[in-house]
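Chain nomenclature is as follows: A, B, C and D, assigned in order of appearance, with residue numbering initiated at 1 for each chain independently.
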Amino acid sequence: MEFEESGIGEECGVFGCVAAGEWPTQLEVGQILTLGLVALQHRGQESAGIVTSNGSSPPAYVTLKGMGLVNSAFKAEDLLKLRHGNLGIGHTRYSTTGISELQNCQPFVVDTLHGRIAVAHNGELVNAAALRKKVMRHGVGLSTCSDSELITQLLALTPPMEEADAPDWVARIKNLMTETPTSYSLLIMYKDVIYAVRDPYGNRPLSIGRMVPISKLHSSGGGEGDTEGWVISSESCSFQSIGAKYYREVQPGEIVQVSKYGVKSLCVVPRPEGEPPAFCIFEYVYFARPDSIFEGQMVYTVRQRCGHQLAIEAPTEADVVSTVPESATPAALGYAQESGLPYVEVLCKNRYVGRTFIQPNTRLRQLGVAKKFGALTDNFAGKRVVLIDDSIVRGNTISPIIKLLKEAGATEVHIRVASPPIRFPCYMGINIPTKEELIANKPEFTDIAGYIGATSVRYLSVQGLVAAVQGGTASFGGKELEMISPSNNGIRRLGHCTACLTGKYPVELEW
Amino acid sequence: MEFEESGIGEECGVFGCVAAGEWPTQLEVGQILTLGLVALQHRGQESAGIVTSNGSSPPAYVTLKGMGLVNSAFKAEDLLKLRHGNLGIGHTRYSTTGISELQNCQPFVVDTLHGRIAVAHNGELVNAAALRKKVMRHGVGLSTCSDSELITQLLALTPPMEEADAPDWVARIKNLMTETPTSYSLLIMYKDVIYAVRDPYGNRPLSIGRMVPISKLHSSGGGEGDTEGWVISSESCSFQSIGAKYYREVQPGEIVQVSKYGVKSLCVVPRPEGEPPAFCIFEYVYFARPDSIFEGQMVYTVRQRCGHQLAIEAPTEADVVSTVPESATPAALGYAQESGLPYVEVLCKNRYVGRTFIQPNTRLRQLGVAKKFGALTDNFAGKRVVLIDDSIVRGNTISPIIKLLKEAGATEVHIRVASPPIRFPCYMGINIPTKEELIANKPEFTDIAGYIGATSVRYLSVQGLVAAVQGGTASFGGKELEMISPSNNGIRRLGHCTACLTGKYPVELEW
Amino acid sequence: MEFEESGIGEECGVFGCVAAGEWPTQLEVGQILTLGLVALQHRGQESAGIVTSNGSSPPAYVTLKGMGLVNSAFKAEDLLKLRHGNLGIGHTRYSTTGISELQNCQPFVVDTLHGRIAVAHNGELVNAAALRKKVMRHGVGLSTCSDSELITQLLALTPPMEEADAPDWVARIKNLMTETPTSYSLLIMYKDVIYAVRDPYGNRPLSIGRMVPISKLHSSGGGEGDTEGWVISSESCSFQSIGAKYYREVQPGEIVQVSKYGVKSLCVVPRPEGEPPAFCIFEYVYFARPDSIFEGQMVYTVRQRCGHQLAIEAPTEADVVSTVPESATPAALGYAQESGLPYVEVLCKNRYVGRTFIQPNTRLRQLGVAKKFGALTDNFAGKRVVLIDDSIVRGNTISPIIKLLKEAGATEVHIRVASPPIRFPCYMGINIPTKEELIANKPEFTDIAGYIGATSVRYLSVQGLVAAVQGGTASFGGKELEMISPSNNGIRRLGHCTACLTGKYPVELEW
Amino acid sequence: MEFEESGIGEECGVFGCVAAGEWPTQLEVGQILTLGLVALQHRGQESAGIVTSNGSSPPAYVTLKGMGLVNSAFKAEDLLKLRHGNLGIGHTRYSTTGISELQNCQPFVVDTLHGRIAVAHNGELVNAAALRKKVMRHGVGLSTCSDSELITQLLALTPPMEEADAPDWVARIKNLMTETPTSYSLLIMYKDVIYAVRDPYGNRPLSIGRMVPISKLHSSGGGEGDTEGWVISSESCSFQSIGAKYYREVQPGEIVQVSKYGVKSLCVVPRPEGEPPAFCIFEYVYFARPDSIFEGQMVYTVRQRCGHQLAIEAPTEADVVSTVPESATPAALGYAQESGLPYVEVLCKNRYVGRTFIQPNTRLRQLGVAKKFGALTDNFAGKRVVLIDDSIVRGNTISPIIKLLKEAGATEVHIRVASPPIRFPCYMGINIPTKEELIANKPEFTDIAGYIGATSVRYLSVQGLVAAVQGGTASFGGKELEMISPSNNGIRRLGHCTACLTGKYPVELEW
């Protein structure tokens, strides 16, 4: 299921780039930012923004913002304005509030006593309401409802005593991190530096890549001496499209300084004693692009493992295995492999169906999501089909697909869902329908198969999902876990946020 | 390979709809036309047009035209203007001439002595230049370079003697068909009738669907009594998205009259003695949506058969089989099945990459098409990959993909192409690069594997392709062939145009 | 009264330019055409078009068309495409039919047997319906309802016997002129020549200007040797804005060939024996820009004479004379001068009021046209005002102005109209409300002053208007008149079309 | 001279409206705001904004902003969103900084501890830089460079001790007024109240109007009982276009509370002892619409008096008097009246000339401003012309006009300027070219006539201008002046800011 159908939405993608050396640098920072945002487009299609700095003192900033996809938000002539930038940050936004205005578009730029800063944010501050009140009590007016403005004002406001002349941004960022535990992955640009920050729970992803000459991109060489610059991105999938090598993740709680001189870890703000990290498990299930790497493993591989696990937990007597294109395909291939059933394609998707101007209450409404899919009849007519989906949120999109398959000749349609039922709201940046809208909380859920018209319905267990994500024998609950395998480059997968599945939130919520 | 990369382009899609009964009919003709065109969007993304008629006498016509995709070419308020239409025709256009102007947008509408007619055309008249001269010699000025205008003027111009008061459009259409042998699938709307016409060689496809109540859409019942209207489309894939049942194809040379009273075959204009039909074989290979049905078989199935045949003709020592997403996937699955090698995904496509504003001569240019793909490393690192593509045209898009896979860890990359090399131009509506640009005509073709960086390269044979299309033991050349199986509803697949592969054109070319 | 209020509309403006010498010429033909059209913008604001030719053989034509004002219809990058043009024609269009589509936008360009021609037309063919039928009977389909397409097809269609190889366009144009008597001022471009044509009645204006170096623009010198090119325009007002000298008018019935070699009169097609010319008298009253020159006299001066004449015909006991800004100002100044009453301004116009989004039936509707005007109270409070308007068409725009003045303190408001009442439709290109809508045909006209709330209302007589236009002692009716003065460069003002005032049409109407 | 030519620019226009009674009120507040802004369009064409409140608790605010003219900045469907507003404020902006971005568009809206406020500002804070520093030192980040944001943050920041629960906005506004002496006319909306504020020097105008039923608009009755609401506007010219009666001006230093209960003067913040007011004298000369009323007199009348005074100070031997259309027309008519010379029109303006796409260094550039004007030759050929302009700033726009007139036949062209030379910059909201660009500061000024090509040039004296503005015998300098006449409704014209003419600024400038 694609985002638009499921009703789930990720908030944002952030992307930054710093060129090594002095201007004119070897990198076209503005173009790298643009391409980087395009690669994060699946994390937000509502608006896009870029701010570049030429890194001098005082720095000249250039800001571009626009509604819609990156390619339509910026015009070619606008992008030319970015060409003197030595570094910059960008943002793609998904509207969680329904307020779709240019002024909510990030990055947010403000003038402070110490000069101009720019901030791009992915996540949602769990105590935003209290922080807004605090800031306003100090006498600050807030002109948007975005967390990003709130963060800039919190950074501007806190005046640590030690500051004499130069601002101590690291102290200010640390201070911000004590004010709010989660969830945020931040890029903060000040003059010639980008601070890359991940909240102590590591709820949102953030990775660093190294720009090398294209010729050295895939060679095992390309040592530090060849570095042309650095990029920071919500997901590593963007590295490939701009010619960067994967370097490492920003760790939970870490503040990393990225400048033309290189990458420097400044500090790691710890979680409260005994608390595990809480990286959003739905990044694996659903949001991230399959070629992104989190915690040393490829998202595609995790999804495939979910399919394997699902085949073990919920085997089926059937003839073929297939997918709801195209996010469920890795899980479907995993299920097919584990079960030994043949994998076939049963649906053909029309990529051009978009906002079509169909008036309500008409004959065409009844066709529902089927307008988007063509049945590949020959592949399943007269057969029993196992159809893998990655999640079922409201239950109203899978239903017409099952009907389509049955009427086109499938004798049975078994739905196997490669993630557990979603039952709880998310307060950390994911746009989930209200509790009442979630199919798993409705009375109909007791007969979900009957409700959606399937022959049978089975979900992956929470334990199964966690095992697929964390590897082998893992269990959840604060206890440190062993590495999944020696091949994961020493990165350990400890704890993940499963709040939307279990109701166990990583921090207590203050309202 | 997608169209934009390959440099091949189909010209157009046509779609028509007639509601049964009197206005207000049960069908929303304007909306059905819109959705129908969206389903044909892969046949032309440059411009779109719709003309509806209210079918009264004199009829009121409404015309909408716009540049770009259907969803952006028409505004919601414009579509409201179509709501009094009882019938209509539409068109999506791919620019073959590079002249991208609204005035070339179809359908073409003209006032004639007998009233207004509208024409939508898919194909290319092989003798267009001579016909233009003929029309102009008669004293007609032509305001566009489109065949569609030429056809309307030819229809308007010819005054058959028998015409007393009422125009004899069928005689005029027949006359047109004697003037030009191919290639055209036409929809001609006059008052309350649509004439659906396919050239005697059947070079371009045209299918008829029957609108039934949504509730009876998939039941085997839904008899004639339930008919709510009729649709005619370049491809049957559009029927599913509007709730129509597949009815039949328009036969080569046939003129079909579609009106509120039903579908009526008026005549079949024959080919010259002994000449076989010449349905474009590349519709199967490349252009059509996989869920479309031509000559009684699903396009997806033919492509899968091509994969089987390719595995027989060009077996490979390798570890995994994969696809260049996503048009080559059926062939890849067929190859995997026949060869017994496991099918995996190796590339993840970023759907948002479009016209990006990258200035020439920069570092980013070197990344080429790789900007569009992410490598799913885990699935092939350290392995020998068979990569299936549906065609190689210029050879400059597959090359960076191979590089990407090799550098990401593939030990060998064997390219298997599910169609024969393209060597000749098409004069019947397909936009193929010049002979010089085709890789198969270049000196480098002798070492194509070395040129594109593959471990090995093999193509499907022309005989293999024809066999996959026409079934079992078929051979090409005018001889009538046996039906492929009893299940094809009595439709025989006789001859196909393979001119771009073999240089044997169905008609002699006059220039 | 401005056009939008009065409900009267002129159809079009045409403009052409030919550079002397070879390319690259000293003139920027594309830019001159653009500026020329801007100067004719008052003759049509609905759409604009330009076609240029590089004059070579075969010529390369470039066409630009767009909706709205010239400055918004063309983008800067589009205008660059015109830079290789050696000659070109342009058009601004006022929609008389309400069909506001790009395809009706002129110039109309067609390919004929002899090559491409482009046509721009101002006027309306009185026998258009019959001509359309004739053309269609020949077997030609017409794709628009514009006279311009009709004219191109008539030119393309007629094949005079004498034509051997080269087309005889002059014979074709003459033939066209025998087919239709009026009304048209035409620019026809073919390869490197523009034919400037005015119908035998001279119903629509057409003037020729000579481009000289800016430095010689106003010197009495600037002989033929300095000629940089030629322009042809509906009105001479455009000459000043592009740096051209007034040269002469195209005479009624004349075909003038304009090329890089100069201006050459080819022939003058005569009117039927004894019939006078019929230049539209409303060009003087209303349509033309006041700085344009027709028949040797400045439009402003004629309007001022109308004011003088009106003061003689309709004197008033009053304190001040004023104008409805700003088209009536010359007449108001003339009236003030003749009457000896002081001229003051009473209304201030807000130029920014345009299409405002006021919903119907609201309080604000009642304010009517007064939203557009501010009363300059000090200038007339407690005084008797003579308010000059140039025409009253429907009577519903002057009424709220009178109310405004009275309520702001005018003790009396006497309306004096500087033209006679409009009573009849125009079939020659002017968009006049239907007979029923014209105030002069309504019962209320017997008490027009009471109806519109004025203290008194008086109109200029037809004789008075004709005298003001034709000079001294003139009378109307086919008799040749003496020149108005020796200073008019030998141009005689003979007959004028007063059909909308008198019902006497210059040609019999065929319907 | 129009603004765009002169290089002078006013910053902004502000407009507010409060409906009497409860919702649904008799007034369409959103539409009144739109029309009110259209009437203030001459004060700013760069962007427009409107914020409405429904006045309930907590209030629902709706914000619209857009670039360009009011009519293009807002779409019809957007205006519908305003329909639940009971009150609102709007703003039209002229860019003084060259930064033309939507985010600088006013009104500025912020959430404060006490709820949301919206602010619209006309003027420029003389100590903005110091105030920005102060605010930022408090820890506030500023996201724009607009004074309006600065004002909102100053209002939000100051926490007067007395505030218990409810915010004391009046105390906060008073505090703001002690922080900055000038220049500002402000509208501050909070819940169901608009505070209308004018700085103690009264540098920028602000007037109040009363909405009455249209039927009672011009009657002397229409007592308080008929009040439908209230409007506040930079200029009273907007009252006429929305059907409001002129009520009174906001006094220098006054805070007026406008709500559904009526208009209430809350306090008047005094100037330092002995300092006169400093209303910008250029509002009379140049910026304001002629039908606006300041200090009890109509702007048109003042301009006419300037013309009278100019004729006394600078009489001319000549044949005719004329104007550079159209802002200088009242002065020209005054000059003509006083001098006894006849008034004629010499120039006809093409309203459609806008941003034309003329490439640099071409023949057409040389035509300069003359592209915009047509010479009405008959009115002045062979005559000596006195041409009145309202001001000469850079001297490069009047020059080509003089050339045009001379070359078209004027024997002499005497320039008479209805204001003194501008010599000094403005720090209070007027965009004046740099000192070096002002013609009055250049060496050429000693022979200004020669420089611009005029026969002679004379300016109005500062004393003459002040007398025309303040009446009879007035002199400037802190001394209270007598009323100009009994007819001015008791409003006294005391002091005016003439800093740009004299260099005497009303307050000391801190930089």
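To be clear about the criterion, contacts are C-beta pairs under 8 Å (C-beta built on N, C-alpha and C of every residue); 3 or more make two chains touch, one makes a residue touch a chain.
What you see is a predicted model, and the numbers here were worked out from it, not measured in a lab.
Q: Count of steps on the shortest touching-chain route from subunit B to subunit C?
A: Between subunit B and subunit C, the shortest chain-hopping route counts 1.
Q: Among the chain pairs A-B, C-D or A-D, which one reproduces the interface of B-C, with more than half of its contact pairs identical by residue number?
A: A-D
Q: Distance between subunit A and subunit C based on Cα centroids, please, to the nearest Å.
A: About 63 Å separates the centre of subunit A from that of subunit C.
Q: What whole-Å value do you get for the distance between subunit C and subunit D if each is reduced to the mean of its CA atoms?
A: 38
Q: Roughly how far is subunit A from subunit D, going centre to centre by Cα mean, in whole Å?
A: Taking the average C-alpha coordinate of subunit A and of subunit D, the gap between them is 50 Å.
Q: Would you identify the shape of the chain contact graph, picking one of line, ring, star, complete or other?
A: ring
Q: All pairs of touching chains?
A: Per the contact definition above, the touching pairs are A-B, A-D, B-C, C-D.
Q: Looking at the complex, which residues from subunit C come into contact with subunit D?
A: Touching subunit D: residues 26-28, 31-32, 34-35, 38-39, 41-42, 69-71, 74, 76, 79, 213-214, 217-219, 237, 240-243, 289-291, 298, 300-301, 326, 329-330, 333, 337, 342-345, 348, 350-359, 362-364, 366-367, 370-379, 406-408 of subunit C.
Q: Under the stated contact criterion, what part of subunit D meets subunit A in this complex?
A: Subunit D residues touching subunit A: 102-103, 108-113, 117, 132-133, 136-143, 145, 149, 152-153, 155-159.
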